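One chain, chain A, links the two complexes that follow: it is found with chain B in the first and with chain C in the second.
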Partner chain A sequence: MSTQTTTHGNGNGHGAAGAHGAHADHGHGAHELPFWRKYIFSVDHKVIGVQYAVSALVFLFFGFTLMMLMRWQLAYPGQPLPFFGRFFSDAVMPGGVMQPEFYNQLGAMHGTIMVFLGVVPLAVGGFGNYVMPLQIGAPDMAFPRLNMASYWVFLPGGLLMLSSFVMPGGAAQSGWTSYPPLSDIATVGQTVWLLAMVLLITSSLLGSINFIVTIIQMRAPGLTFWRLPVFVHAQFVTAFLLLLAFPPLEAASVLQLMDRLAHTSFFLPSGLVVSGELLSKSGYAGGGSPLLWQHLFWFLAHPEVYVLVLPAMGIIAEVIANNTRKPIWGYRLLVSSIIFLGFMSFVVWAHHMFMTGMGTAMSTFFQTTTMIISIPSVIILTCLLMSLYGAAIRFTTPMLFALAFLPMFAIGGLTGLPLGLTASDIYLHDTFYVIGHFHYVVAPGTIFALFAGIYYWYPKVTGRQMNSKLGKVHFWGSFVAINGVFMPMFFQGMAGLSRRLYDPTVYAHGRGVQPLNVLISWSAWILAVFQLPFIVNFFMSLRAGAKVAENPWRSTTLEWFAPSPPPHGNFPTQPVVYREPYEYSVPGQTDDFHPQSAGKA
Partner chain B sequence: MSDTVIPYMVKPHPITGLPNGKLGIWLFLASEVMLFGALFSSYVLLRAGAPHWPPIEPGEAAKLSSELLNVPLATFNTAVLITSSITMVMAWASLQLKSLPKFRIYMGATIALALVFLVVKYFEYAHKFEVGHFPSHDNFYGIYFTMTGLHGLHIVGGIVVNTYLLTAGSKLWNTDPEHFANRVENAGLYWHFVDLVWIFLFPALYLL
Partner chain C sequence: MSRGQALVELAVCAPVVLLLTLGAVASVQLIDARAGLDAATKAAAAAAARAPDPATADSSARARFESMVAGFPLSSTQLSLSVGKFGRTDASLVSSENPLGLDPDDPDGKDDVVAVNQMHVAQGKPTVVTLSAKDVIHAFNIPVLRVKQDAIPGQSVPVWFEATQTGHFELACAQLCGLGHYRMRADVYVDTPEGFAKWQTDNAPGAPEAAAAPDAAPEKPAANPGEKPPGDGHATKTAP
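Coming up: the complex of A and B.
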């Protein structure tokens, strides 16, 4: 236990010294770097992690705002938006009535921002950067300057993406999938979208190399493969997905940029007619393939789904083990499933393309692989669910979010099965059913897991606990509202309502389910109101939160044995690992947790 | 930079046998394989979907790729790049033999050969533009300019890195020769990869 006592002493001393600090304050006064090196162009993985997390939260909020605007048009089509309408120019919302072009921009940018600027940077750039090196007992990432570069390529990419709203013709409006030929001939916002994507892909490339090298080379002595926390395993597999799946989208972006800027025809078929005129008259040779883009795009975007989900599962595993005070049920099975899931995610992409006419042989292959990939997903969820069996559960705020994750993610997963089968997909494809399905995976699934992670690791980052009363208001409000948002979409989709419709009442079958749109929109706005307790809690706890020692949750993994917040370099002495990650309630131990770094007692 | 000491920056990890940088560069090359792999796949798909390759106007006689592109110049360029890979290895080997002056000669030669490659490429491109064969002419020229252009950017990247190692970067030799040799080795791995991409591009675009 000697390591533990030393860190404890340092932790207390540090808490007093850091009392004046802001949230990003990891300063410990041992060496003085100028402000801009310490907080802005920092090479410390913890500062970079906080930078990623805060930027991603801002982007998430912005992306959510775009959706709240769209929800007005869907609930009350063609009616002027009260009060907020006056803040928009006449070009996009004359008299407060949303124009179809603006609606399309909001839709495309909502998807892009949530996926590429919100969830992934928070789950990987934020949590991965901050927690992973601590969990493996490393002083920093393997390439600290590369890590800094990764963030400083990400942020301009994100800002460039947002700047496309002020381009002539507005932002990208061909959906977050940017399908050609529409995207090839769209306004200049699409070019900005592509350039921003190239920056974001470069950033994620730098990050993923760093993560893999760090996990392979810099684990603490004794931290073998089967002793890694599930979160580290999840980040490891995620990094491989980012490393290998993103370059094809970079290639596709280059090809689409060539189509848009050099007037090549990679994605433009011969004989294409646009606005009543043959496209070959405007200098395009034709002979390209719109399907080519879809293959390249989904080759990235399906593994991307697992990039969104795997870190969330890692967070949930940490929180569940800690709050059930039990080892994870089937730890090795869970980890093996994560790795298998990573491999399989590269061979399921064309199940997004059953309706493109790519042929029944192709469809059958991808239908089969899609059914196979559901097996490890179910195993992972089963392991997490079985971990609850027989436990005396601590209902802390992070645990509430983790418990909600399990059924919500299950709904998201199970509703995906009819979409993976070619026969039922023909009916459900591109309806609101699909929107409901993947939002259940990503919103009450992944985003709830990210909230769990924020409540769980906040004491490590700041040295203070978040308020649990506000946390519970945030949880219960969000939990009810978010189901009000996404559950009705299944019914709308089964009634045949198409996604991406500017006015859902143009078709008779849409008018029947229009009252549900009103319910969804009000749920979404109520959901926004219930984020206020979180925002208040997040900032208030920086100063008013109860001060805690380095291990407030009585956890076993290494990150809890560095001071809170950890200084530059993380651990006062190199930790050594003696056991598996979740040794809770070990018979014969005085405490109900047996830390990985505690020596053989 | 900071007082944090990152392990295995220079010395290899006892289990993987690699220092951090070398593992990193291999991972980077894996992602590069996926980047160029996607472009080669696109090329195959576009070509397989075209009634004629290179595409022709209705009524025009069928052509061969080798008639549209300059095979002798590309053959010369292939030899130039392979030679530059050899000089790159010699540069690294000179460091193993503890000779910085020899390293300078070979590294200089590598950079010079890379510049020769780009100059030849410039004349090839210029000729295409003169006769009005822009990327928009058809998908054959489109994919030709896209892939060789992206490869050319990789050459430029290699020149930048190698020039740094030849000039300001070589100061590291005086303080930490092993670290410097590792850097040259990593730059070499990248350079061989760029060379290898051309070995695939040359037959795929010019000859087949």
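Coming up: the complex of A and C.
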């Protein structure tokens, strides 16, 4: 698939052309905009993308801090936290010793923040908003005001979520999954969690519809579907997942809000006894089902996993193609697998619920679909791996992160298979093995990919290159430390240690693997130290980074042919696309890259 | 032209081939699962044949697990062990003396042994545990026996296992259930059938006044629990 495919040369241009006319007026009046219209309530996809990315990075750092606090309690249960302990109130950490309710709050909020406030907004809101319109040669998103609304619904949602820490009784503490009845009878923090989730989901819905319309309608002339970069395909499928999977959780959140505020019983069965009192005495009718929430939640939360990982795969494909100076191996197979993965992600959700007493027929069905969904994942990984074969690889900072993504995602994915099989899941369900598994997918997988994306597109956003020495320190330190964090979790899980335990040493099987907890915690803190080079690099390079031209990586895709940083309206002239996205090292060309927009050779 | 054509055809064929492969894999999986289901059914039937019939009150291997967070911070597991039918329970009867809410007037409940935070089972006998919960979702988890199942309010989920070695093991809650989740643990004692019968006799509610309550008279221990399966350290058979 390395050569030009002439059979797809013309077509699909008409949709794009129509949309451009409608948005051609964006270039006007950009200079008269006051500061707050240009940088705060902006309708420019690039400003919104940067807003998303910066907010998400701050939220990610906050979520990471919560985890570091939890790691102290897990490594040294019941001991006062040195130095930092004094900054917490006596309600949560009297004398620096963490309370179980605070531990549960940290656990629930770490998961929520990392997924809904960190990774999704960075991968979709940040990279998707900034890069996708540039990659398809569009001047902006199809609905710029909707785009702005999406960010300004997201940010209050995020801040509301964080504000729940100062509520009476603290933040939500029923896990990021918020299973009722526990969440129905939890403190007021849970109400705030639900309200914040409603805002965040609304934001995602606004964003996803915008992405879909933009990708369908606003592609540059000649940019057919088989010429789209993998990143755009990934964003396209992701947008559909967001659009179709989030509404059930929005509905479920409202139902749980009703349970909490209006004393309905959607998730409360009859005959509940809470604190020694029959719940029906408090005006609850009963007759609901706790499992309804689990179905609605996981119907969202499993596609959500692919929302986290698909944009990451898209970024990795871009970086790998660029740094191997070769076309992606099996581009169409890769894209087809991404689409198939998107479809399949809707029929696997109940593998999170094998322990709820579902019948063997049901669990066999979901076990089968779960095994099937591993096939496109392996195909995607194989395509990316095969792309390396025979390449003269440039080991740039983004490429290092991309190369690390491959084995890390493979470990995360393959350790998921024993969890998808009903028999082995009986033992492994809700243990640290699960934590290790999904963190390998999301942390050294997706977050490494996002780092790769930041290093890769930073020159486009700022016009300056990030420091590669600091980048390499950041990479190697993070790579070693993050494996120190998550690899031991598999051993703990196989020893039977449950997750969400405030003090694992209560159990004999927990005491046996307690030394690993110390190792994990120190690895996590060392991991935090190795993020400092990144933070320094990120801000320092804004002023001190080497100035670069528009295409420093010698790339082929459209975003590199807009000025760096791109002005309002992106492209001085409408780019026209003549070929597939990864035409590197084409025989007979003087350069080793052949841009998509370069005229016919 | 021909190269592009070939690629298009390949792209069209790939999903078809993929789907056929998946179909084959799925069929094998389903047949396999079906076979597994049959095997499990046979095993359960064999186990049931080996175990004394619960309905004739000759079996001791039937337990009920309920759990609740008694007072919000304190978690406790409550188990009642019954020969024959369980007594009726009612949430409105729950109190600190009667943690399961057993109906005192139900004759079926006279022989139910209620225990808090401990569970005795007989070695070499299939034990059926009926799981439910009174406040929030908990989970019945005995890691060494490789058995785990959620206990969900409003549902009654059976799970069975067969312990092959005597000893003292840990029962843990495996589903976040509140502040006390981390210490919601109980002890599981796998006794010899004789030891189990003795424990049951000693703890039967009517034991001291057995004459006054003839229907709660202790059972004779089951004579022969059947052949002991070969042990391999953690050897048990479990099935949800």
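In the analysis below, the second predicted complex is superposed on the first by the 571 of 601 C-alpha atoms of A that agree within 3 Å, B and C clash if a C-alpha of one lies under 4 Å from a C-alpha of the other, contacts with A are read in each partner's own complex, and residues count from 1 in each chain.
Please note the rule applied: a residue touches a chain if its C-beta (ideal position, glycine included) is under 8 Å from a C-beta of that chain, and two chains touch if they have at least 3 such contacts.
Treat the numbers as computed from the prediction; the structure is a model and nothing was measured.
Enquirer: So in the superposed three-chain picture, is A:368 touching just chain B, just chain C, both, or none of them (first/second/both/neither)?
Expert: Only chain C; A:368 stays clear of chain B.
Enquirer: One more residue to check, A:511. First (chain B), second (chain C), both or neither?
Expert: After superposing on A, A:511 lies clear of both chain B and chain C.
Enquirer: May I ask you to decide whether A:86 touches chain B, chain C, both, or neither, giving the answer as first, second, both or neither?
Expert: So A:86 meets neither chain B nor chain C here.
Enquirer: Which of the two partners, first being chain B and second being chain C, lies in contact with A:144: first, second, both, or neither?
Expert: first
Enquirer: Once the two structures are fitted together, what part of chain A is touched by chain B and by chain C alike?
Expert: 288-289
Enquirer: Provide the residue numbers of chain C that touch chain A in the complex, in ascending order.
Expert: Those residues of chain C that touch chain A are 1, 3-5, 7-8, 10-11, 14-15, 18, 21-22, 25-26, 29-30, 33, 37, 40, 68-73, 90-92, 94-96, 101, 131, 134-137, 139, 141, 143-144, 146-150, 152-155, 157, 170, 172-183, 185, 238, 240.
Enquirer: Residue numbers of chain A touching chain B in their complex, please.
Expert: 30-31, 33, 43-44, 139-140, 142-146, 205, 208-210, 212-213, 216-218, 243-248, 250-252, 254-255, 258, 262-266, 283-285, 287-289, 292, 295-296, 299, 568-569
Enquirer: Can you list the residues on chain B that touch chain A in the complex?
Expert: Residues 1-8, 13, 16, 18, 20, 23-24, 27-28, 30-32, 34-39, 42, 45-46, 49-50, 55, 134-139, 142-143, 145-146, 150.
Enquirer: For chain A, which residues are in contact with chain C within the complex?
Expert: Those in contact with chain C are residues 1, 3, 5-8, 100-101, 104, 174-175, 179-182, 185, 268-276, 278, 288-291, 332-333, 336, 340, 355-357, 360, 364, 367-368, 371-372, 375, 426-427, 429-431, 496, 498, 500-504, 506-509.
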